[in-house]
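You will see two complexes here that share chain A, one where it goes with chain B and one where it goes with chain C.
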Partner chain A sequence: MATVDSRTKYWEQAREQGFDLSWLSQLQDHVMGDGVEEYSANDTGRVQGSIPRNNVARFGAYTFRTKSEVWAHNLTKLYEEFITRQWSSATDIPWETIQALPEDIEAAECQLATFFTQVEFVASDVPGRFISTMSPDYQEVRLALLAQVMDESRHLDVFRKRALANGGGLMRMTDSVSDVVGGSTDNAREFTEFSSRLHITGEGNVLTLFRLGEMMAYNDAEKAIYRRCAQDEARHVAIGVLHLRYMNEFSPERREEIHCYLDEGESRQATGAGGENPAGQNQLTSQALAVLLGGGKDKMDEGQNILRAIRQRQTKEYFQRLKSAGFDDRIHNGRVSPVLLEQYKAAA
Partner chain B sequence: MYGLSQILLPLRLVMALEEEQQQAESEGNEPAAAPEAPPSANAEPLAWMKDTVQWGVRAEPGKHGLTMRDLNVGIYGEIPESSSDMSRRPRGAFPIPGVPRTDLYALSAKVDLWADNAVDLYEEAIQRRWMGHLEVDWDDITPQPIEVELAMRQLCTELAQQASMETDIIGQWLHKMNYAYHEVKTFLASEIFDTGRHYTLFRRRALHNDGSLGLESAGQFNRRMMETRPGWTEVGMFLYMVRGPLTLLLYRYGEAYARNRADKFLFRKCVEDKARHMAYGMAHVKYAVDNQPPGFGQGLGNLMRGVERDLVRDLKDPVLWEALAIIISGSVANMAQGMAVVEDFKQRYIEDYLKRMQWAGINKTEANLSPDLAAFLRREETAEAGG
Partner chain C sequence: MSDPGSSPLVFPSVEWFQALRELVNSDEEFRRLGNIDAVMGVKVGERVFVITFEAFECTGVREGTEYDLIDADFFLEMTVEQWRELVTNTQENDGADLSHTLNTLDLMIEGGISDNATGDQLRADVFFRVNQSLQHFFDSSARLETVFE
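Moving on to the complex of A and B:
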């Protein structure tokens, strides 16, 4: 082991040979700060905590460069869970358990699978768009989002597989654009707006449905699909809840703005507009769900009753998310959608 | 198409829907079913049960399970040369007329993004997934002499930034890709997932043993990749045929000169991931050169004339190379020997770059290479390293 004196000596000798080594001294003296900066001046894409250099091209015109716009606590832990709980739609689903189903049931399964194949694309594209507009100094958020993109890709993949694995096929696409009032997840340009729409409302509703997958599954393969997708979806919803919780705590001045996003989300949840909620009223998918839940096209009454209970469950879980994020005042002050409030009371 | 007898909605369901609609309207919310609602929502109950372009598909699992390639049967396997569908309709799903556009997908031609191997690489990415925070034996990484520790921190900082830049670059383009080519989109999703893992692990490696991060990257080529706008093919050429070989060689040398099993494992797994990324990228660039109008490949070659000057500027920056020389030689005192290996590294890198460009059909040879890059080729090999 070299002593400090001898090291100094041969570092000097190396410099005399033409080596630069100034970086070595910089590294030796570099002390990284604790925590994440409130404002990111990073415009070169450097790794958070690395040593900036003067002669590097400035190309990182990141749109999101304040912590309060994007941050959430505990995302590192959540990201590790993303990594740990990845699964394969090819090998982790017992496809061999799928057997021929009555034609109306197969059609309903395929219609629902077509819907999920389509909407999971949304949840893949839109988070992806935000990653590259966010300063790398907030890498924890970027990591959670890119892990979500991976999950959603697997979801569209697994539902496409389901539609094409059992003698059926893809069915009717979903019109997710007509009838949308106000902003949409697709069009969101602001991260909190996007997250409240996608994570809190949109994916929250899908999560409830996946959790109840046992009720609409007709074999072990479908049960496995819903169970695994529910685990994934819970992480995505957690991104939104953790972010809103942070906003509530550190950006209280934006609470009213966030309530506006929630107003719109609730309106869509109550009416089914936008087609994001497969259990929403008067949706193509709600008919398919009624067939699956009831046990056939001639038992849709029963299926519709179960679907009504699912909507109530969706609302109950949404209210729980509001409470967890610190936005449950809207439940008590008359701001929450009356339709959802009725559903919540009915579920109690 | 297939036939199912149509049935009317049960009366109770109709009444329930009407009741919900009246309730919503009376409370000032959007009506449950607007007059323009899609056909499925009103006129013909359960009409959707007939709405399929191809029925009776039964994709069979193979020895690797039920893969995405297994699904490409019948009309579901027909990859369009271009798609004007801007509605996010899954390929092969039943279209409905009058659906407004969801987005404007700039990359809607197969030639702009396609590679035949993307579908298999996507499945491979998932089946070969790994968990660095658990699988790397971090306790095995014991402190090295300070110079080697510092050099390793610098190398890992550089690799973390390369991974992060890759995330940014793909993130800029992924949402512009039309859904008709979901094989490519899902593969690229797996790639940014990999880059996230690489970033995390190299950052963690740099910080191990009470470490800290080193200097940021030189950055000229990063800017080139980030600011390129003409198309994904151009970006792909930069990312997979210029930057990719450099990253891959750094991983290979990292594995070859690792001083413990943990580092060796880390670099080896990253080699696997990076090789997969480059397999897609090279296949895509070749596909584009083969299928774009004549002169496209020549244009890519011409584009490289300026790009190579950016690359030269980065390659002349001493920080990464001196760090690598110290890691290879084990000390500053012996870094002259280490630098000889680094010079071999650079030569291999440029040779690799030329071979890959030529494989893709781009006329890039020593004769038309930037003189500064060509200089790396004109030297005697002094050492052998890497895989």
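Moving on to the complex of A and C:
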């Protein structure tokens, strides 16, 4: 904690220098310091860095009060990216470009939009629970998750609007998403467990699908939706990779536990069980994707061929994220899913 | 198109990328897409260019070597013919058409066009995180009079 003298000196210097754009970073460095405590005894909702006050009601029974449980480096920088790359479903999507579509295409588009609405509901709901149970001393993590919730809310909103915009409406709730809604991601009680399942497995897969979106879009509105969502989703994946990287470095005793989360995620990625991967085999959503990519119900085979290539791409990116996070030993020691390894070799 | 009377710019060249830099740095729409902190390699056949983005601007353009790609967050690699097709398509359509966006090319060309030289996907993912800014950068080349080497 800085002293009153050093704060005064800093303010004088900053005023003389005219408060340039790095002002907030300078504040953090010179006034607050990077004093993020390993353990947070904060149980009063006191904001990070502020001066404690005695006799405050202890209402903050935070579950997560250890830095190593939740931390990741460089989240502040990522948060800046979050807030400058926001967009609006009301003003940034050219809805007027949506025209009547063949029935099979519209039905597939609406089925997929229903799935994404459903998934994004979970992706906003679950991080919200972790934010409220995390010590305010870990502000960077809270801000990144809050920004993610804002992104996911927009996705929930924009896909719902797309489902309703052209007469199709919301379609059937995807059965297998029971493992997402009310399932393993939803049931995560531990931050790393949640982040591995949501950010690495779930969002990693959906990112590839959003990227694919511009190829299966039938108008400029859909292209804009998918392009914008892909950017957002990549930031969410980054939260997970940065957290796992931190855990690998500072909590190596938890590596085996994390490998177990990855075992589970890979199994579901490979089989389609759990429903997080809409490109997974034999899913209601993968049928919708095949219709959209092929160009109609009668051209689903063409679409399935593209989907096969997409699964390989998902796997390649996932393997490289393991490497970035420091968990790529599972690729070489036989632990990784053999199905995914096969896909990775095919993509290499 | 570039100013009447000005010489056409050669692709690929530092001057061509420099002209793009000037265009996006005075373009409000580029700024509105959000901040972008990235070092991007562009590999055109054997030639390498290094483009640096900081905050809301393109801050640097230079010619480099294969070794520079190690320090880039990601690099885009295509053959001379593929780049020529991309630039021509961008000019013909006032921006890349659907089959020539960076994202589509990355999905459809075997092996993709974007990667991190060290296999670090966190840095490779920057290509996805700021993709619309990068697309805007290359789409701006529709305003340049371009000739090919």
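By definition in this document, the second predicted complex is superposed on the first by the 306 of 348 C-alpha atoms of A that agree within 3 Å, B and C clash if a C-alpha of one lies under 4 Å from a C-alpha of the other, contacts with A are read in each partner's own complex, and residues count from 1 in each chain.
Everything below uses one rule, namely that a contact is a pair of C-beta atoms (placed from the backbone, for glycine too) under 8 Å apart; a residue touches a chain by one contact, two chains touch by 3 or more.
Note that the structure is a prediction, hence the values are computed from the model and not measured.
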| task | State whether A:84 touches chain B only (first), chain C only (second), both chains, or neither. | result | both
| request: Using the touch definition from the top, say if A:160 reaches chain B (first), chain C (second), both or neither. | output: first
| field | Which of chain B and chain C A:242 touches, first, second, both or neither | value | second
| query | Looking at the overlay, what does A:331 touch: chain B (first), chain C (second), both, or neither? | reply | neither
| message | A:260 in the overlay: touching chain B, chain C, both, or neither? Say first, second, both or neither. | response | neither
| Counting only touches as set out at the top, which of chain B and chain C does A:36 meet: first, second, both, neither? | neither
| field | If touched residues of chain A are counted for chain B and for chain C, the larger one | value | B
| Both chain B and chain C contact which residues of chain A? | 21, 80, 84, 86
| said: Taking the touch rule as given, give the residues of chain C at its contact with chain A in the complex, in rising order. | reply: 33-35, 37, 55-56, 98, 101, 103-104, 106-108, 112, 116, 119-125, 128-132
| chain A residues within the chain C interface of the complex | 21, 77, 80-81, 84-86, 207, 211-212, 214-215, 223, 227-228, 230-231, 233-235, 237-238, 241-242, 245, 310, 313, 317, 320-321, 323-325
| task | Over in the complex, which chain B residues touch chain A? Could you list them? | result | 2, 4, 7, 9-10, 12-13, 16-17, 20-21, 23-24, 27, 29-34, 36-38, 40-41, 45-46, 48-49, 51-59, 61, 64-68, 71, 73, 76, 87-90, 92-96, 99-103, 122-123, 126-127, 129, 131-134, 145-147, 150-151, 153-154, 157, 160-161, 164-165, 167-169, 171-172, 174-175, 179, 182, 185-186, 189-190, 192-193, 195-197, 199-200, 203, 212-220, 222-223, 226-227, 318-319, 322-323, 331-333, 335-336, 339
| query | Which positions of chain A touch chain B when the two form their complex? | reply | 1-2, 7, 10-11, 13-14, 17, 19-21, 23-24, 26-28, 30-32, 44-47, 49-53, 56-57, 59-60, 79-80, 83-84, 86, 88-91, 93, 95-96, 103-104, 107-108, 110-111, 114, 117-118, 121-122, 124-126, 128-129, 131-132, 136, 139, 142-143, 146-147, 149-150, 152-154, 156-157, 160-161, 164-173, 175-179, 181, 186, 267-268, 270-273, 281-284, 287-288, 290, 297-298, 300-301, 304, 308, 337-339, 342
